[in-house]
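Note that the chains are named A, B, C, D and E in the order they appear, and that numbering of residues resets to 1 at the start of each chain.
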Amino acid sequence: MSGDAHVVRLSDAVVLSGGFPLLSGVDLELAPGTLSVVTGANGAGKTSLLRLLAGLVPLTTGSGTVAGVDLVEGDLRQLRRRVGWLGHEGSFYGDLSVRENLVFCARALARPLGEIDDVVHSVGLDHRIDTTTRQLSAGQRRRLGLAWLLLRRPELWLLDEPYASLDDAGRTFFDGLLGDVVAGGATVVVSAHDPLRSSALHPRTFTLAGGRIVDVA
Amino acid sequence: MIRTAMLVCAKDLRIELRSRVLLWQVVPFGVMALLLSGLALGPAHAGNSSAGPGLFYLVSLFVALLMINRSQGIESTPGTKASIATLGLDPAGIFLGKSLALAIELWVTGIVLLGGAVLVLHTALHGALLALPSILVTLAAMAAAGTLYGALTAGGDGAATLLPVLTLPAFAPLLIAGERSFSAALHGGSLWEWWVIVLVALVAYLAVGILLYGVLEES
Amino acid sequence: MMKTLSQRLLGPVTLVLLALTFWLGLWITPPDKVQGNLVRLVYVHPAVAWVALYVSFGTATIASALYLWKRTRSMVMDRIAHCAMEVSVVFIVLTLITGSIWGRPTWGVWWAWDARLTTTAILGVLALGYLALRRANDDPALRARRSAVFAILSAINVPIIHFSVQWWKTLHQGATVFTSNRTLLIHGSMAWTLLISFIAFTMLFFWLLRARYRLEVARELHGHATLDEALAQRRSEGAF
Amino acid sequence: MSGDAHVVRLSDAVVLSGGFPLLSGVDLELAPGTLSVVTGANGAGKTSLLRLLAGLVPLTTGSGTVAGVDLVEGDLRQLRRRVGWLGHEGSFYGDLSVRENLVFCARALARPLGEIDDVVHSVGLDHRIDTTTRQLSAGQRRRLGLAWLLLRRPELWLLDEPYASLDDAGRTFFDGLLGDVVAGGATVVVSAHDPLRSSALHPRTFTLAGGRIVDVA
Amino acid sequence: MIRTAMLVCAKDLRIELRSRVLLWQVVPFGVMALLLSGLALGPAHAGNSSAGPGLFYLVSLFVALLMINRSQGIESTPGTKASIATLGLDPAGIFLGKSLALAIELWVTGIVLLGGAVLVLHTALHGALLALPSILVTLAAMAAAGTLYGALTAGGDGAATLLPVLTLPAFAPLLIAGERSFSAALHGGSLWEWWVIVLVALVAYLAVGILLYGVLEES
């Protein structure tokens, strides 16, 4: 991790896609070990902001540093390696089973394969461990995404509407996970349309509108 | 790099084995295309054994396009792309692994097609065996080039149709050199000359891929 | 399971007729003036080709058509079509092999750009395509309908194969066994042996078809047994 | 509509996919003009049930009638024509704009094109009407799905997690819509993980588990 | 039926115009493939104008495979399938509309390729023009057959590779008849004989499609 006191520091960040400004000038600073919620109307730019932080889209103008990597000059691959991403659809390799996907991930990160069973158990997918991921239900796919992140244990977690399509047990588990992760010193940014369920977590809430942050609470 | 390559290659081959697309679809397609190419040219040309190498490579080319498309397709479902990108795998390793998996698949199809050419196009068995090393190298070069171009077009609009446009010119020299070296094997010309050209192309594509694959991935 | 007499006799009679064909073909009939002993392939190749094209592919096509026709639609037809097509693949491959073996000495090559040969090979790929199409679809009803349509579209190739020797002046033998006015051009012991070979291979087809069909039914019955298990297991997922 | 008093009537409905029972014996009766919520854990079979009702998957064993169409003997195409479907991903033709997609729909149903502007306005997509749908945000895509249904005005609405990725305004609009639709005599089946927001709607709630209905409230 | 056909055809063509895949990718691919086929066969065969019709149809075939794949791809994204299915469009109309759109696209490519053949393969311009009607009919038959087979494989496992396996043999008679009639136009044989065969095939495919397209759609 960098010596910088902030994990995320954006200043006047603009992201263009096909001439359209997905983000129209975002200033943002996030300290390590914090939980932030990004909210805002549909199309406000939440997903775009998270993608920028994950190094999945390049910065067009403005400047920024994420997890010690400069968004303009730095190596975005370095950045991606440090973040964990849970998107609207987390499908991975649809032709491989739950276990095979996680084995691939563990091997890629040189993690012990023994962790896989625990992780699968904790997200409640034991009985689907050998099912091809294409056949999973929406919520099960989301759970597999969480399992993947649990194996990764990144320093910056970027979660795009994590509650969507999780059932009640899944949400409770997720809340517990959020607490653990933040307590463990990682930084978490969540996009959501509802306030977080657990009041034990004390997130800062950023409201986006028109590709900018218009409110911080 | 090598570890990543092995990992990626194993994953691609496993997906291939799982879906059996090679066995049930690509190989029959190749055999069919060989028969049809023969027919389209009419017995006068096709029966003539000198068309063998050309037709063999022409069909291999179309098979390769199908396989490259599939190999890239695996990586580019919306969910896959982001999650795999955040694994931060070494791009040179990804490139090598995908190229190797593709090469293995092309080798399998190539050997079947070669058998087909011997049976159907009266290509001399002896010559075909002599040509085998150069064929394997040519197909490997196609795999490397294909992986490189596949990454270039990945995620773009209409990737499936853009790919052939870009790869075709890149494959042209390979195709010519491969065909000449195959013909030389059949008719007793100098084997080495063209063989070396293909080998150089393979090494060049591998080098470019190892150096530049990272640049091609969506930054 | 009750077996009728004819069902009981199918296997043994087939074997006896096949044995008879080979005995007559190899020892009793005379060698040919031009082809010598090679002519004995005439007792295998045409019969095998006949079964491949008309008997087995034909069965598959008719069963497919019956499946598509609403009043005769049943999974039985789908199963017959599927099994007949699998047997057809075997006979098409045998046709290609026996033809190639015959072609090597007579034409000097294993394969020629002959219309009949090519169209036969295409029929083989179509039959494989049929099986691949079945593999690609899970839903039984959809699979049955799609493969039935495909089988019927593929059957267009059969008359093309048959007439190919007339349409394209080619290497392959024209209609020698049965000419268009339905008279045999071959006489004596050869004619009898030929006739027996056709009957023997046709019966072999029905024997194989029945065996394959039973296997399929057994597989589906097994499937039903596991269905109850699968249902029970699925239901238990809810009970915590 | 049929003379039957029920729009949906399933008895011991089993749906298999690749040998796996997505539904393991569902009995269900729904009267016209009612609102029902299907809930249950991830992978319980909610999506599968809605797909069965929409005529998108065939019944394996058991019997059923939906909107007057017999699921075993009847013409599923007739059924599909009567239902409106909003799935996890409502992407339509990604290369066409919002307006072009709706024009296609209106033409296919022989609806006046004049309705399109109203519908687009009511789901709040006016400013994106000429945007290619591939570029829409998740919530905007969901809104387009609603617009499509508004044009269709089917007799049976099947909505799979309609709240997911809608923002607050979207949800409020959706609740209002639900009320109108049910009051208009159509039948609505919604799958959801949360209880419905508006208490003015009085839905029956069916809880699924292991591919069966285990609780009705 | 006709109304639905027009609607579907307009939609497919609009998507095509929007993405410009035809202009920027398929046509260049075809021209490229024509050049390459010439190269692969070596000057001895290709320079020889008698190979022209065969190569023209071979390339058209691969172009058609690309286009069919795309035409089906439009319909089979997960979201699209369900929403369009609930529109309950007349399947015969869908079939006709998609066939027509595909035929128009193939005609455009075919005319460009014909020009290419005249320029590159020394096919006689006069003969090429004479062959034009039969070429248009052949391409239309390919479009109808392709739409039918596209629906057969839609949504299945590995649809993109299964499609060519199934279509290639179906195209074989079309290819042969088309080639013969093209050759006849070049060398002054009887034009009508082959032309009629292709026309019969077109009508047959249209009839089968109108009757059975509905059966093929996912139930």
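Quick note on the criterion: a residue touches a chain if its C-beta (ideal position, glycine included) is under 8 Å from a C-beta of that chain, and two chains touch if they have at least 3 such contacts.
All values derive from a computational prediction rather than experimental measurement.
Visitor: Which chain's C-alpha centroid is most distant from that of chain A?
Guide: Farthest chain from chain A, going by C-alpha centroids: C.
Visitor: Would you say C-D or C-E is joined by more C-beta pairs in contact?
Guide: C-E
Visitor: Could you state the distance in Å from the CA-based centre of chain C to that of chain E?
Guide: Whole-Å distance between the two chain centres: 32.
Visitor: Find the geometric centre of each of chain B and chain D from their Cα atoms only, then give the gap between the two centres in Å, rounded to an integer.
Guide: It comes to 45 Å between the two C-alpha centres.
Visitor: When the C-alpha atoms of chain C and chain D are each averaged to a single point, how far apart are the two points in Å?
Guide: 48
Visitor: Can you work out the whole-Å distance between the CA centroids of chain B and chain C?
Guide: For chain B versus chain C, the centre distance works out to 35 Å.
Visitor: Got the chain B residues that touch at least 2 other chains?
Guide: 19, 24-25, 28, 32, 35, 39, 42
Visitor: Provide the list of chain D residues touching at least two other chains, using ranges where the numbers run on.
Guide: 17-18, 20, 40-41, 43, 58, 89
Visitor: Mind pulling the chain C residues that touch 2 or more other chains?
Guide: 122, 125, 128-129, 132, 135, 139, 141-142, 237
Visitor: What chain pairs are in touch here?
Guide: A-B, A-D, B-C, B-E, C-D, C-E, D-E
Visitor: Any idea which chain C residues touch chain D in the complex?
Guide: 138-139, 141-142, 223, 226-227, 230-231, 234-239
Visitor: In their complex, what parts of chain C are in touch with chain B?
Guide: Those residues of chain C that touch chain B are 100, 109-114, 118, 121-122, 125, 128-129, 131-132, 135.
Visitor: Where on chain D does chain C make contact in their complex?
Guide: Contacts found on chain D: 14, 16-21, 24-25, 40-41, 43-44, 57-58, 208-212, 214.
Visitor: Going by the contact rule at the top, pick out the chain B residues touching chain C in the complex.
Guide: 20, 24-25, 28, 31-32, 35, 38-39, 42-43, 46-47, 119-122
Visitor: Using the touch rule from the top, collect the residues of chain B that touch chain E in their complex.
Guide: By the definition above, chain B touches chain E via 19, 21, 24-26, 28-29, 32-33, 35-37, 39-42, 44-45, 50-51, 54-55, 57-58, 61-62, 66, 69-70, 73, 157-158, 160-162, 164-165, 168-169, 171-172, 175-176, 179, 183.
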